[in-house]
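Take a look at the structure below.
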Amino acid sequence: MSALLQINALVKTFGGVAATDKVDLAVTKGELHAIIGPNGAGKTTLISQLSGTLIPDSGTILLNGKNITKKPAYTRARLGIARSYQITSLVMEMTVRQNVALAVQSKEGHAFRFIRAADKIAHLQNAALEALRDVGLDVRADDLTTELSHGEHRLLEIAIALATGAELLLLDEPMAGLGPEESAKMVTFLKELKGTRTILLIEHDMDAVFALADRISVLVYGRIIATGTPTEIRADASVRHAYLGEG
Amino acid sequence: MKSMSRTSWITLAGMAALLILPPLFLWSGNEFYLQLATRLVILAIAAVSLNLVLGYGGLVSFGHAAYIGIGAYAVGIPAYHETYGGFDSIASYDGLFHVALAVGISALFALVTGAISLRTKGVYFIMITMAFGQMAYYLFFSINEYGGDDGLVIDVRSEVPGLNLDNPLQLYLLSYVALVAAMLIVRTIINSRFGMVIKGAKGNNDRLVGLGYNTYLYRLAAYVISGAMAGFAGALLGNFTTFISPEMMGWTRSGELMFMVILGGAATTFGPVLGAVIFILLEEILSSYTIFWQLPFGLILIGVVLFARGGLMGFLTTKWRKP
Amino acid sequence: MDYTLLFVQTLNGLQLGLLLFLVASGLTLVFGILNFVNLAHGSIYMIGAFIGASLTLWLGNFLIAVVIALPIIGLVGYAIEKFVARRLYEKDHLDHVLGTFGLILVLDTLAHLIWGPEGISVPLPGWLDGQVELFAGVVVPTYRLLIITAGLSVAGGLVWLVNYTRLGMLIRAGASNRTMVSALGIDIQLLFALVFALGAMLAGLAGMLITPITEASIGMGGQIIITAFVVIIIGGIGSMKGAFIAAILVGMIDTLGRAYLADIFALVMSPSAAETSAPSVSSMLIYILMAAILAVRPQGLFPPKARP
């Protein structure tokens, strides 16, 4: 087993409060690793340090053995990390397809290409359409992003993360705000996706997490109190006590 | 798609009118209107270039008049030395040299000031670009050799192979062709993969950074292109007015350019041109009635901001669609 | 080196800095609390100068004129807030810039209509017109000392107002949490109008104080507004402390640069080259300072805490 993502003693404090308190975590290549924890446990802060929007105070983050702790967000994206956001973050003024095409063209190394119209570049558009088809949004490809429903926005977030071709997907509550039907759809989709990419999933929906995850880490007040398979986590007394509120 | 074709139609009709009407004025004995149209078209080039960063990029540059000034001095200073001696290395009447100088120095100024300004965001960016514009203003203001605040008369216009810029019609047509070229350049850039990044960063910069784009570099590139194009407009303006002074790069000039873009419609191909037309004509008409024309003019500008965002292009393409 | 001259130039720099602070403090106050960019702040400074000048000529007493002119310029600010600025708060900064740009044209033309195209100069009362010997050999104009005293008093007054009064508490709360202030049942519109009027009075006072040295003229607003922007960019937009330190810094560097740059350049280059390049560089000095500071600290020296 080789770790795609290796986090060592990561610390991030805000005004004296440790949002991430010496977190160690290894995400194995190909696994779907879920992080659960009560509100305010520091899950999004952790993801933000992995994606590069926040820089840790101390500790290291290794991606494929390469130290990326202090690298800017765009460099990490280039190295193969894609993130979906808890609060939908899309270019609302563009079409759905253009949003995904931007993700596809990010694989080209740079976009200092001034002449050909992006909308006329077949391989870009086809790849974008394909990613949209994967999440069932291809019918809405040429609509303005702002016209989509909340559920569709969540799916589009995933399609964009996929289209970057990133090895590691950081999915921050992909089911936030979805109804039961849409949630079920998302779970089905993530099940299909599982195994093709390495996924670090943050999610509140416990049924979904236990159905999807290969391993689960439990984050409470910035510390990881347990890591294991769903079965192990379910049986773990400290988790039951600290988080599930039992015993 | 219907509004698309409406937009194209307005653009083509407007550009056709700009091609045909001014020469007609000249032949009917109203050279004044050709002069007006020349100034208008040259400022439209600057507005089109500002639109690249302001309209499409969402970068509120309040210092674009500086590039017009740099471009104009890039004509005036070599011509001055060719006439009066000194500074042999740049003394020249050669139009191509003037343009190279105008575009090159504007690009360099944009690169240096943009590199600092683009580190800032929002209102800081507005103010710092404004301040850098004023810096250029005071630089030329303080150089007595080139007339300081009195300005500099260009005795000899740029020499361009096959053209005579002393001929008002030729100068107009050259400016017109340059405007069309500028519009096509911006349009091409904005539809390219580069343009997608620029537009995407306007809508959601964090998202673009998260996708792996160092948007700072892309914006800097757009800023340099925009500055270089505005510098070219300045070289034309210098040839048109044959008189240059720091006044043409003051911050109020930058404000006027911004207004042209917003008035006509930001992030549209023809909007900045339409804005320049309306702006210049309004100024001309109001000032023919009263020396206090800036009072109604200012009120109109305030009204536009309060009630008509989206500009004239937005108005023309959406209001008409409803039967 | 002539230390007397250096001392006098330093005083001049201090005087310029304090005048800049009067203008910049209003600008930064309005931005910090209303999140509003007011380009027309320079025009208010100009109108303050004209009102002060007219009243001085009419009443024959400069100080009484200033005392009467201050509430008037406050009312002008209140009216501008009520009829234009208030409608712009909810829009973005680009709209603020464009709207207040239109406002400049309106206000400058109104000044032209009311006071005519010529500038108005104002005589000082006799007791202010003289010079004071501070210590042996150092003689400075009495009026400059008045400006410095007035500037420092206002700065002190602002510190007191913002930190130790109920209005100041509201101002600080309004800056950090608009909804909380309205939830407390305080008329936030009135609060904003008062802040705007206060900013107008500060700018107007600066205009009145400068008039006896220069004159009241139409173009004066456009010149100072850019420098005031440079001040608040350097200080950190919205920060009163930043505005004060940056204003003094800019005032000093500008004044001393113009006075001594040629001498400094002459140390490293030929006298004639120094003579020709110094004016250009000194006129750009504050912008170079701004660029250098922003290159290191993009948010200025004292960036206020991020608003929610």
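Chains: A, B and C, in written order; residue numbering restarts at 1 for each.
In this text, a residue touches a chain if its C-beta (ideal position, glycine included) is under 8 Å from a C-beta of that chain, and two chains touch if they have at least 3 such contacts.
This structure is a prediction, so every number in the text was calculated from the model and none was measured.
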item	value
Chain occupying the middle, per Cα centroid	B
Taking each chain's C-alpha mean as its centre, the one farthest from chain C	A
Gap in Å, rounded to a whole number, between the CA centres of chain B and chain A	44
Centre-of-Cα separation between chain C and chain B, whole angstrom	31
Inter-centroid spacing, chain C versus chain A (mean Cα positions, whole Å)	49
Where chain C touches two or more other chains, by residue	none
Of chain C, residues touching chain B in the complex	31, 37, 39, 84, 87-88, 91, 93-95, 97-99, 101-110, 112-113, 222, 226, 229-230, 232-233, 237, 276, 279-280, 282-284, 287-288, 290-291, 294-295, 298-300
Touching residues on chain B, where the partner in the complex is chain C	60, 62, 113, 116, 119-124, 126-128, 130-132, 134-135, 138-139, 141-145, 250-252, 255, 258-259, 262, 292, 294-295, 297-302, 304-306, 309
Chain B-facing residues of chain A, complex	51, 53, 72-75, 77-78, 82-83, 85, 89-94, 98-99, 101-103, 105-106, 108, 111-119, 121, 124, 160, 164
Partner chain A, residues of chain B touching it in the complex	188-189, 191-197, 199-200, 202-204, 206-215, 218, 221
